[in-house]
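First, the structure itself, so that you have it in front of you.
For clarity, chains are labelled A, B and C in written order, and residue numbers in each chain start from 1.
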Amino acid sequence: MTANKSNKLLHLTIENGVANITLDNAPVNALCGSLIKALKQLLGELSYNKDVKVIVFDSANPDFFIAHVDINILEEQGILEELAKAAPEGLNIFQAVGEMLREQPQVTIVKLKGIARGGGAEFVAAADMCFAAAEKGKLAQCEALMGIIPGGGATQYLSSRMTRSRALEIILGAGLFDAATAERYGWINRALPDNEIDLFVNQLAQRIAALPEGVMAAVKKVLAPAKNVEGFKAENDGWATLAFTPRTAEIMKKVMANGAQTVAGELRLEELLRNIV
Amino acid sequence: MTANKSNKLLHLTIENGVANITLDNAPVNALCGSLIKALKQLLGELSYNKDVKVIVFDSANPDFFIAHVDINILEEQGILEELAKAAPEGLNIFQAVGEMLREQPQVTIVKLKGIARGGGAEFVAAADMCFAAAEKGKLAQCEALMGIIPGGGATQYLSSRMTRSRALEIILGAGLFDAATAERYGWINRALPDNEIDLFVNQLAQRIAALPEGVMAAVKKVLAPAKNVEGFKAENDGWATLAFTPRTAEIMKKVMANGAQTVAGELRLEELLRNIV
Amino acid sequence: MTANKSNKLLHLTIENGVANITLDNAPVNALCGSLIKALKQLLGELSYNKDVKVIVFDSANPDFFIAHVDINILEEQGILEELAKAAPEGLNIFQAVGEMLREQPQVTIVKLKGIARGGGAEFVAAADMCFAAAEKGKLAQCEALMGIIPGGGATQYLSSRMTRSRALEIILGAGLFDAATAERYGWINRALPDNEIDLFVNQLAQRIAALPEGVMAAVKKVLAPAKNVEGFKAENDGWATLAFTPRTAEIMKKVMANGAQTVAGELRLEELLRNIV
């Protein structure tokens, strides 16, 4: 079975039980309200499609998987209200994105061939698996440089994947991590040569989709992700006390003026953020 | 003190407080009912031997540590009933093998110089430590390809050793992992050059056996393995719903016809299983 | 802001929100009662200094970070009684050192450019982060060779950082681990070339200290270290049953006679301990 579907932000292909979702939100795949809404709708539809066993996410952008949450997201007020209303009890709208992914009945795999920062890195960590291109795949929790802390699940997801020491280094150091280091820290499954990642992930996805009936669902049930309600609450409390301060608003304004959310600026976002006085 | 004991499946040597148990169930060291019974008896006897501080497991077979649970194990009905009767409350007979190993008063170390799949990989993961030969040591949870999920503790043991992402990759991808990747994932202590593993493990075992009285027992008590009763129940529930279906019976029959449980077939078992239509 | 303070055991520099504490207890930086007392006093003072965001620990000794707890510590009876009185309910005085570090409001980073064994390795593991020099940074829990088990938190700290298999190898094998292996096991954040570690750690510390107000505290609050009261009790029970036996007293006496707590002896302490008959 093959199917194709496209809107301006997501491209879907389904073949042999594997759905491929390509994110396409130029110029840098910022996670805006519209993209969250489109993902929510598409994943909701796929969750009823019993023929789809695996969902692979990649990006139409050669440099970015998901830049981070759109810095201008507050302008999308209508969509934000809608998302807030739909978020599960106890989760903010960003945490709800990751948890939506974690509850997807299919196996979800990120093919990381570009940069994912902030909410984009949280999307990666929420997926069942991630394989990253050794050269171009990179991850960062850059929130600290913006005057906030991660607010979309990273504190919980990182804590379940690596030592507290390394989670602190990632969040407080706020640097851009290459795929090899991300692998050593447990952040991703593994780093693969850039010219092998497509073959590797596609083969893995096809093999999982070809498993005898019932196996994938049984494994996902036994290895269901832990839910730490208090952890999400603590994260949101920390995030919310910092997210709406004048200092953070000022950083966001200045970094946008200096090139954030352009390709050139996002390739050196840490530098832009560290240079704000 | 030196002692030697042998039955057709297990060879025992004891020297300076280290017991060496060599598994020998030609042609591929399948974990059959008789082998489980022999292990149970020998480990039971050793548990009363205060002079033995460390138990090292290796294999008489140059290619296999334990192939996996014997595909024909259901033919050993008498032994299975006996094992089921003796299994602790809440554990199936395969989970009982691993938990027996985890409750052994001695330090248990696997010297992995060949392939361990399925129930054999679960035996490895239940031991206190595992060192693997970089070239020849390999691990797989191949159950998914047989239409089932691991039912002898792997879902619990892997979850305590590595990220959920990697446990999902191992169980759902069902591939054969080399020792270096197994080390990076936390599956084993470490991979060692094939010509160094004997010296390394023997020296480690001797050193532990030579520790001052009471130290080994005190460490094992403080670092006692966690028991997750609900996790074992969930695993068994998932396994039991798939293990006795016509589809699984058919796979087992076909893979036996195509060479499973022969040396040549087991060296490429994943290929045999993936080629079943 | 820059400040300098020195007593015979600790040297303090503060610059741009980063405090650097250099341990200096010749000849091998043994963790004696006086050093614990000095650390307690200095960390207590720093905990009220809102200008200090990060504390970096290093050593004045080119070979040792902290050798281990001073073998002659029982001679400092007055200080020990003082420390025991001040220790939190349920913690022995060595566990209290690590937990003091873990409750420090600042981010604590160890720059490990020499050997840390026993209580010194526990100090390292209690810090928020540790970066080790690939050549000279080394770690060991050597207690087993002394007839005891770690009694200052190692059983808990190691268990939260790595698999049980590796914690058992470290504690029971009691070997000296190089920085690369310590990194692979999760014991430290990472190993760095010896000529890069100063630059790396200083830059990381400066970056964290320069984060917008409130971020560091919010992250430390959300990622607060777990407290396992029962684990500490179990560790102390195991330690206390072995620490005051004639066998341990004899080992301590003999190893002191053979060169322990001298530079030459401590460079090969495992050998000294294994050769005691």
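The definition used in the following text is that a contact is a pair of C-beta atoms (placed from the backbone, for glycine too) under 8 Å apart; a residue touches a chain by one contact, two chains touch by 3 or more.
Because the structure is a prediction, the values reported are computed rather than measured.
Novice: Using the touch definition up top, find the fewest steps from chain A to chain C.
Specialist: Minimal hop count between chain A and chain C: 1.
Novice: Please state the rotation angle, between 0 and 180 degrees and to the nearest 5, that superposes the Cα atoms of chain A on chain B.
Specialist: To bring chain A onto chain B, one rotates by 120 degrees.
Novice: Look at both sides of the chain B and chain C contact and report whether the same residue positions are involved, with over half shared, or different ones.
Specialist: Different: fewer than half of the residue numbers at the chain B-chain C interface appear in both copies.
Novice: Roughly how far is chain B from chain C, centre to centre by C-alpha average, rounded to an integer in Å?
Specialist: So the centroids are 37 Å from each other.
Novice: Chain C: which residues touch two or more other chains?
Specialist: 162, 184
Novice: Can you list the chain A residues touching chain C in their complex?
Specialist: Against chain C, the touching part of chain A is residues 144-149, 155, 159, 162-169, 171-174, 181, 184, 231, 234-235, 238-239, 241-242, 245, 247-248, 251, 274.
Novice: Show me the residue ranges of chain B that touch chain C in the complex, using the header's touch definition.
Specialist: For chain B paired with chain C, touching residues are 107, 127-130, 160-162, 183-184, 186, 188-190, 204, 207-208, 210-216, 218-223, 225.
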